[in-house]
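Common to both upcoming complexes is subunit A, partnered first by subunit B, then by subunit C.
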Partner chain A sequence: METINIICVDDQREVLSAVVRDLAPLADHFNIEECESAAECEELMDELDADGEHVALVISDHVMPLKTGVQLLTEIADDPRFREVKKILLTGLATHADTIKAVNQAHIDHYLEKAWDGEELLHISKQLLTEYIVSQGLDYQSRLAVLDAPTLYKLIQ
Partner chain B sequence: MKQYFKYLFPILIPGIILSLPLSWFPIENITLAEQRIIAIFVLAALCWVLEPIPIYATSVLIIVLELLFVSDKGLWFTQQASPDLGILLSYKDIMATFASPIIMLFLGGFFLAMAATKYRLDVNLARVLLKPFGQQPKYVMLGLMMITAVFSMFMSNTATTAMMLAILTPVLAVFAKDDLGKVGFALAIPVAANVGGIGTPIGTPPNAIALKYLVGDKLITFGEWMAFGVPFVIILLAVSWFMLSRLFPADTDKIELTIKGRFLKTPQAIVVYCTFTLTILLWLMGGIHGMNAYVVALLPVAVFSVTKIITKEDLKKISWDVLWLVSGGIALGLGLEKTGLAANAVAAIPFGDYSPLVIIVGSSVLCLLMANFMSHTATANLLMPIVAALGLSMHSLLPYGGQVALILCVTFAASLGMSLPISTPPNALAHASGHINTKQMAKVGASIGVIGLLMTFAMVYLLTVIGFI
Partner chain C sequence: MHSDPSPEIAATISRLQRCYFNQPGRQIRLNKGEMLLEQGQANEKLFLLLSGQLTAYYQVEPDGEFFELNQSNPPSFTGVHSYFSGSYCARFRVVASKDSELAYIDTHVEVKQEAEFGPLAQQFMPVIVNELSQRQILAIHAQVEHNLAQQRAMQAEKMSTIGQLASGLSHELNNALGAISGKSAYFERFMDRHFEQHFPTQHHYFRAGLDSKQGLDSKLVRARGKVFEQTLGVERDQGKALARIFTHPDEVVALGKSFLKRLDEFADYWQLGRDFKELKQAVNHATGIIKSVRLLGAGDTERKYGVDINDTINCALDLMSSHCRSVDIRIQAGQLPLLCASHAEWVQVWVSLIKNAYEALLSQPNSAPMIRIKTLLSGHFIQVSIEDNGPGIAPNLMKSIFQPDMTTKKGGLSFGLGLGLSISQRIISSYQGELEVASQPGLTCFRVFLPIEVNNGNN
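Right, the complex of A and B next:
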């Protein structure tokens, strides 16, 4: 079966670990990757794409050295290869202007404020992954355990 | 009131034709079946020209009306015995137009194109092939045109244009506001896509419609078509490039196209590469392996379905409207031919009195004109059955290549109509970029249309001289 990846990006190790811990229930069905910078994430996405793997979801912090989360997500949104990738911005320090950019240019699918609620992050991730799987025509039946049922019903009717 | 005309005419005029007594028609011994086919033909022509309904819907309408009124299983009163009834069509033959070999050829082409796009073969090929053309605007334009033309030989012209315009858009954004080069680049893509489609039988639907009438000893194989189609495309492309780079020189001295990505190396991607290459090779080999182009076309359909490269979700995205549009044309041709109307109508007009050259030039010019204002496929659907019947009956055409010459000229002319944004979907897409005005498009499109038509005559003349047709 196709490998579907979730990529988490944050320059702080401990935050990254916390995100991955919250997403642990998804680990059986999705491959969860950790990146400590925007550049690392871009390189990884390029590689995964060349291997024919899916990148379904990118969860990124905003304030990072060199390239910010909003810049990273904007580039992903503009790349025809990653048009369908779902994007979550997870940040406590974004300015009003950053937030506007995140919506208008990076077309993020969800905005979560630090500190976040682990349950909520998991729930939103499930919804977005469900949307990705249906839009890509991937098999949802074998992954029902980790998908969001109400979203699925809405999309396949 | 005016906007109602496009709904009124297609209902009124065929209605009038149906209600006229048979003796009023200038065709000898006309039958009821033939009268009904005339009404359907006029309805189709009006619907395709005025477009009150989508063009593929007109095709479906043709098929259903033929089933209802001219088939052996139609409405009861249409079958009532009468000395004037004429020949009714078999309902099976009419329904079979949905799955005619021509349709299968296109289905195979669709599968190839879909798989290539899904596994990014198209974008990655474009990236690699564009490299040798460097960064000088003139040569980048040449590169873009050549790649667009090659792709549109195997993919739909519209899909190719969309892909290439996507690559081009970020580049055009950095051009100075009044740089004429922008116009040249934005025009180069649709021109190349329209011209490129001429190169292979699956390049554009009119070619396939022509193949429908090139049967028996007039058969043209896939490889033979490319043998004259590709050189034609190359020359016309060179002329277009020369014209575009002269008319719209770029002020910028450097252009950088950035296409991200790498060739996929998954097993499925490799299956796509191999199947793509193999299918084209088998098409080019002609009949050596015993399979004709139609049979070969179903190989990628099977391979991609079995390997789940094309999933059932992908299947829903196939351009069924294009397939149905062509089916309707085939059904119209079937009706004209099987009821005997095409032959009778051609016999009723003294074409024999005209010079064969007038016929060739006249019908090609008519086709070119129509193709500028309506769908290329609909144009071919309307003209091809008549032209085929005309070509068959005119013996004076023989020294000029006969029926084949006439069909080829009209087919090529159908693809050359590209002077307006409404002429073809590629033109419409390029016009939507906002860099071209209609006048510039008309100037370039009309010139290429006329040059292309003259080149077509020259090509058909050459083919006759060497004895190919």
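Right, the complex of A and C next:
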């Protein structure tokens, strides 16, 4: 079966590992990758795309060295290869202007504030992954255990 | 407070003294504390102070307090207003602040050398004008001093409000952090003992995670994970889990096939240990930040021996790190002698300089914004340079950057402490140090020179 990736981006390792821990219930069906910078995420996405793998979801922090989360997510949104990638901005500090940019330019699918609730992050991730899988025509039957049932029901009705 | 008169004025005064103020019958002596004139009382005399010192006082409201205005030293005139305005009434109270000798003329004075120098008023004109201009200068000085004092008072008030907020906030946060760290430490000990007794094999991996060194970077884990994946024929996430625990596949092979079968379980225990470690790190991080904010806000200016300037820079960086994350900040710290200084004041200086550099970097698009901080001991000075590769300071602004109200910042992220370069400069000069700036597009460098001898606590 095709590999579907979730990429988490945060420059603080302990935050990154905490995000990954919250997503652990998805680990059997998705490959979860960790990146410590926007550049690393872009490099990894190129690689995964070249290997023919799917990137379904990017969860990024905003305030990071060199390139911010909003910049990263904007570039992903503008890249024809990754137009369908779902995007969550997870941030402890974003100005009003940053937030507007995140919505208008990066077309983020969800905005979460730190400190986040693990259950909520998992639930939103499941919803977005469900949307991705259906929109890409991927097999959802085998992944029912980790998909969001109401979202799936709405989409395949 | 009067400045020395110009040679022309001095010559005029000495001529007038020879002509009018050398009559033995019109000389008076005052002991220190004696009053010469009382505000509002009649005065028909013009006095020339020959020796000693007079102080003028002004009462704003009847029965109100007298404010000290100025002091006059010889040779200077007193009673200029009452004598020449024709009011013959003293404007100020004038008291001898030292034992003084004076000479005077009254309204009956006989005009001398009229043919050469004109009527009396004309002869006195230069000293009248001089007196007026001196008083005007005094008034300007007083106004400037007043404005500065007001600014300082406002700044102090702002800092004290921030200080109170910071200390209240840090108290609450420290309580919460104390609970988190205390309980997680207990939890960690409990699990450690529990695993040791009941799950010795798993306990080994729990400990390994707990004692693991600084976190591996995600790129390295991914690359090494691939090696494990290929050599050992495991899943991708298993490869990554192994890459976090081991450095080489041989270490895993040495543990035998049974280890690989239970890899997921062991990796979980390792990660659990790692989580406890990261929990401690996060608490330390938060505690450090709270400490810095508190130091900054409290405005503790007491100077104590044992301050390492490098520590104060690190403290400032901790404080700024969450704000400056989009900038690559590097510090190259040299070995520095300890100083007698206020930790808080220096943190304030660095925060202000780093914040300034950061905001300059944000003001224009920059693909690789960076700040370089370097400290070194050079001869008798500690030298600290803070460089940024921002757009630089416009030459026309260069002069005003140390002014209290100077700012080029517009909206956006702001640290909100309102600490300007003027405060930094004041702190630096209070240590007899200097702050220099050199700027061109792409490279701005603030350099602080701090003499060690006057600040080593031996003076």
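Quick notes on this structure:
In this text, the second predicted complex is superposed on the first by the 157 of 157 C-alpha atoms of A that agree within 3 Å, B and C clash if a C-alpha of one lies under 4 Å from a C-alpha of the other, contacts with A are read in each partner's own complex, and residues count from 1 in each chain.
Quick note on the criterion: a contact is a pair of C-beta atoms (placed from the backbone, for glycine too) under 8 Å apart; a residue touches a chain by one contact, two chains touch by 3 or more.
Just so it is clear, the structure is predicted and the values come from calculations on it, not from any experiment.
Superposition of the two structures on subunit A shows subunit C fitting alongside subunit B with no clash. Legend: residue contacts after superposition of the two complexes on their common chain; A:His123 is shown touching neither subunit B nor subunit C. For the three-chain arrangement built by superposition, the Cα-centre angle with subunit A at its corner and subunit B and subunit C at its ends equals 130°, in steps of 10. Which of subunit B and subunit C touches more residues of subunit A: that partner is C.
Contacts of A:Val63 after superposition on the shared chain: subunit C is touched, whereas subunit B is not. In the superposition on chain A, A:Arg83 makes contact with neither subunit B nor subunit C.
By the touch criterion defined above, A:Lys154 lies against neither subunit B nor subunit C after alignment on the C-alpha atoms of chain A.
In the superposed pair of complexes, A:Ser17 makes contact with subunit C only, with no contact to subunit B. After superposing both complexes on chain A, the closest C-alpha pair between subunit B and subunit C lies 17 Å apart. Under the contact criterion defined above, no residue of subunit A touches both subunit B in one complex and subunit C in the other. Of all residues in subunit A, those touching subunit C in their complex are 3, 11, 13-14, 16-18, 21, 27, 31-36, 40, 44, 63-68, 92-93, 95, 97. Across the complex, subunit C meets subunit A through its residues 215, 217-219, 221-222, 236-237, 271, 274-275, 278-279, 281-282, 322-323, 325-328, 368-369, 412-413. Listed in rising order, the residues of subunit B touching subunit A in the complex are 119-120, 123, 166, 260-266, 268-269, 311-314.
Within the complex formed with subunit B, the subunit A residues making contact are 46, 49-52, 79-81, 137.
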